[in-house]
Amino acid sequence: MSAVTTVSLHSLNTADKAAFTVALGEIYEHAPWVAEAVHGQRPFASLAALHEAMVSVVRAAPAEQRMALLKGHPDLAGKAARAGAVTSDSKAEQASAGLDRLSEAEYANFHRLNDAYRAKFGIPFIVCARRHSKDSILRHFEHRLQNSVTAEPKAALNEVFRIAALRLDQRVEAPDKLKVHGRLSTHVLDTHAGHPAAGVKIELAELAAHGGPRAIASGTTNLDGRTDHPFISRRPIPIGRYELRFHVGEYFTRRGAPQSDPPFLDVVPVRFDVAEPESHYHVPLLVTPWSYSTYRGS
Amino acid sequence: MSAVTTVSLHSLNTADKAAFTVALGEIYEHAPWVAEAVHGQRPFASLAALHEAMVSVVRAAPAEQRMALLKGHPDLAGKAARAGAVTSDSKAEQASAGLDRLSEAEYANFHRLNDAYRAKFGIPFIVCARRHSKDSILRHFEHRLQNSVTAEPKAALNEVFRIAALRLDQRVEAPDKLKVHGRLSTHVLDTHAGHPAAGVKIELAELAAHGGPRAIASGTTNLDGRTDHPFISRRPIPIGRYELRFHVGEYFTRRGAPQSDPPFLDVVPVRFDVAEPESHYHVPLLVTPWSYSTYRGS
Amino acid sequence: MSAVTTVSLHSLNTADKAAFTVALGEIYEHAPWVAEAVHGQRPFASLAALHEAMVSVVRAAPAEQRMALLKGHPDLAGKAARAGAVTSDSKAEQASAGLDRLSEAEYANFHRLNDAYRAKFGIPFIVCARRHSKDSILRHFEHRLQNSVTAEPKAALNEVFRIAALRLDQRVEAPDKLKVHGRLSTHVLDTHAGHPAAGVKIELAELAAHGGPRAIASGTTNLDGRTDHPFISRRPIPIGRYELRFHVGEYFTRRGAPQSDPPFLDVVPVRFDVAEPESHYHVPLLVTPWSYSTYRGS
Amino acid sequence: MSAVTTVSLHSLNTADKAAFTVALGEIYEHAPWVAEAVHGQRPFASLAALHEAMVSVVRAAPAEQRMALLKGHPDLAGKAARAGAVTSDSKAEQASAGLDRLSEAEYANFHRLNDAYRAKFGIPFIVCARRHSKDSILRHFEHRLQNSVTAEPKAALNEVFRIAALRLDQRVEAPDKLKVHGRLSTHVLDTHAGHPAAGVKIELAELAAHGGPRAIASGTTNLDGRTDHPFISRRPIPIGRYELRFHVGEYFTRRGAPQSDPPFLDVVPVRFDVAEPESHYHVPLLVTPWSYSTYRGS
């Protein structure tokens, strides 16, 4: 099943057990029994109800089965992922956090952490990669390694549920939405002229502790001073550091605003960290050729 | 004569012609005749009067002598500079703009421009290097190459006067100052707490079109929210692009201000261009954990 | 016909001439012939088309008829208005600009201006009162008095068309809207806490050159930092001076934000002038206990 | 002794006891014994040392003498003050807080509070009036009335010391200063043009709970965007509510900045409360024709 194939909640509600289990068999990694177990509860009034039912099945399962579920997950940036021996979901998820393009040193670091984690907890390290950048996964990994052996399986299971929610969100079309989406948007107001700044080129980059910035998105403001689409939406915003770059110098030059030569402000960088992947980060710019303000807005 | 040896206006006013000419002989590159010619006008009431007298001598000199003065200057980033066969002033001035640490490609580029310039105008390219970064010298160079053969010698002479003014300013102690100094300062106001932000680490870097940022200065704000000394003062601010980096995340963490984890703002970059080397660029930051403003202040 | 009785474009399109003329007979003051003349052009695809048709009828009418139309308007703040001898539309329109509660001195001033205007132009002074405050009507009146006798009838007719558009907008329900509405809204962002400020009491007052401020609207911000409804909408914003008053002191006290005693900021007044009645004036406040910003936003 | 007669610390240090006591006899109200008692400690190295010595004498005096000192103070806004039967210092101090121009209702209110206070504590209510506006004296009065009979005399004595420090500061010229001065200043930065705003008219008014604003000071910004002198300095800033009014509309009109008609911003009011009379309140304005920011600066 490819990432883009979707199924409607309605058709799931009328599917027989085999079709239902095929459709949702990979929501939980290598654990089609979760889908199978909820088939009898059809019809589901909402996607949230389906998700809750599957979560309940996992929570109610015997401890050994839950541990088997955890153990069924691939190592992050591990040999299986490198060799392609993971579900297509896992592959895409790991790629979303940049784990498919690690340096040898980073790969070695993950290898070391994976070994330490397995040695301490007896399970692979599981994290909902779509909620993270590479840096935040590493920080999170180091942090989780400090957990007690009783606390950590709960933390791991929590991540399994997050992964499942995002997979359901991608796979199933339903009238309701799971709360798994964030939004990163911006707005440019020209306080020199007193109206929205149209035609301002903006780039969004992800910054990493090592290595240069990675371009994520770019756009140009419309007549309302906004980009036509948010830079990130319909997915969690990976926890991490970002930089918006507003090309205001060329904007004010085009408008004929008096500036120094070269202009005092050319490309304005606004750097910020995302801590809550499911939140709305609205980061506007109020700008003249000589000043600007930015803030976490709403 | 080393760059640090200074002489007082008072002692110049009482010096005999030989001593006077030695003291000021290198204000104009390889042209001690300028100093010699103004000796008879002593005493000078001010440094400005001395400077004006020397400028007048140059302007009144026969055209051939003025051309010889221009021709006496070394190429920028040229073989003479590389070989050390220039005055110590010229050497220090070229180094101040980074011309002593060019890549081979940049060296070749200067070589090409020098040749084209000499071919068109018959003189070496002269620019007051202390007023420039490497990038702005190159832009300026390309721009000057477009001048007409009648206009360019005047532009070159203007640079010679700027160089002379800066040399005088460094060499002669006097009650008055020539208008050759700029100032780059900052200030951090914590608008979350309503008082100056003390203990904020700040770095100043010069940005270049090619190559990474070059650290220029750093400091930590005092109780008044300022660095104890301006980042740049008592000299022109080289025309160029700069970035101030305010470490506000650790400041607010230390103060116990509520923040997200990681903090929304960690290191705030403020990027701006300097166009007027002899001006005051005051670039403050008004900041909370969730917002900031900056502007060209005074 | 009361101000609240509305009729649908659809029913107008199927109405006979008598009903049509009754419904739209007062769109132009004492000039039902305008409505009557466009009846034959039914059906109208849009409200805009109906408005344009009526405008065209007036423009194409003989000059004497147009003058009669102008002369049919009552004096502003005149004896007829005082005595109630004007259409209910006129009465409501004059009241909207405060012309029904003038002081004797103001009444005398209008009387004087009306006389001067009639003496110069031979028609009553006509202005679309819903687009004005009392102060701006007076300024406008003095300004129009300076017009030439050839230019002024065009200015008067333009106001007649504005009045007609607003009356149509109020009377006829249609899928489209005439561009006769402005909007005045606000938004409070707590940049101390990094989220919208909920529960901030806000008042809007109209300021006048003489006499105290007049309360127009008030509200309290919701979880999104906005009032549930714009302070002014679905009508032109009268040209005039306004003050928003944001009760931020009690907001920050309630949130337990550290403040001085008494708080540095209690009620923040933001005073501004509206020049374009059909525009959107969004006037937000970004605020901490020690600072605030405001701007004309979008 | 009039308020403007000053004496130098040097001459006090060499004065005989009679002259010394005359010079400082009214620093403590009707208590020349305080000055007399410190005469033997001459010479005083600083004004602070003189003040501390006098404070120590009061603290070390027998309880009855301290109570007599407290009882020697006139009622605030009392009959003695109205009849002129108080020291010239007291008279000027009460006037500084506006207590010489109370309405009959306010006078009656003070009368009632004075009676209640005397009935509870057996002394007149003493407050350093120069640190207060009328409103804050009333709030302070109500607050002090809640004190216990053991705590209140200490609070009263503390006010006596504040009054004495301010009287010493006014009367004695010395190299050092007592920490009794605050400062209220402003600054206007034109972020539309990127430089200080020169020629902006500014007014400072004190706002009161009842009655209109009271003009305190006004000025026009110089080339540096500041008024030549702070609006309040060399004295405490009375605790109270203030409004700065920046005439930015006429400033931008004069500069030819594009604005709406009428301008969006004309007179910008900035309203704030002073809680710390001995502090520096710097309240700047960063302004364009369409936006502004203000904050408690430094």
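Labels for the chains are A, B, C and D, by order of writing; each one numbers its residues from 1.
As a convention for this text, contacts are C-beta pairs under 8 Å (C-beta built on N, C-alpha and C of every residue); 3 or more make two chains touch, one makes a residue touch a chain.
Because the structure is predicted, anything quoted here is derived from the model rather than measured.
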Between subunit A and subunit C, two touching copies, which fits better, same or different residues at the interface, with half of the numbers shared as the threshold? same
Which chain has its C-alpha centroid at the greatest distance from the C-alpha centroid of subunit A? D
Quick check: more C-beta contact pairs at B-C or at A-B? A-B
Inter-centroid spacing, subunit B versus subunit A (mean Cα positions, whole Å): 47
Whole-Å separation of chain centres (CA-atom averages), subunit B against subunit C: 58
Using the touch rule from the top of the page, what residues of subunit C touch 2 or more other chains? 191, 194, 260, 264, 286, 290-291, 293, 295-296
Which positions of subunit C touch subunit B when the two form their complex? 191-194, 258, 260, 264, 286, 288-291, 293
Where on subunit D is subunit B touching in the complex? 189, 191, 194-196, 224-225, 286, 293, 295-298
Per the touch rule, the subunit B residues reaching subunit A in their complex are 239, 241, 260-269, 271-273, 275-276, 290-296
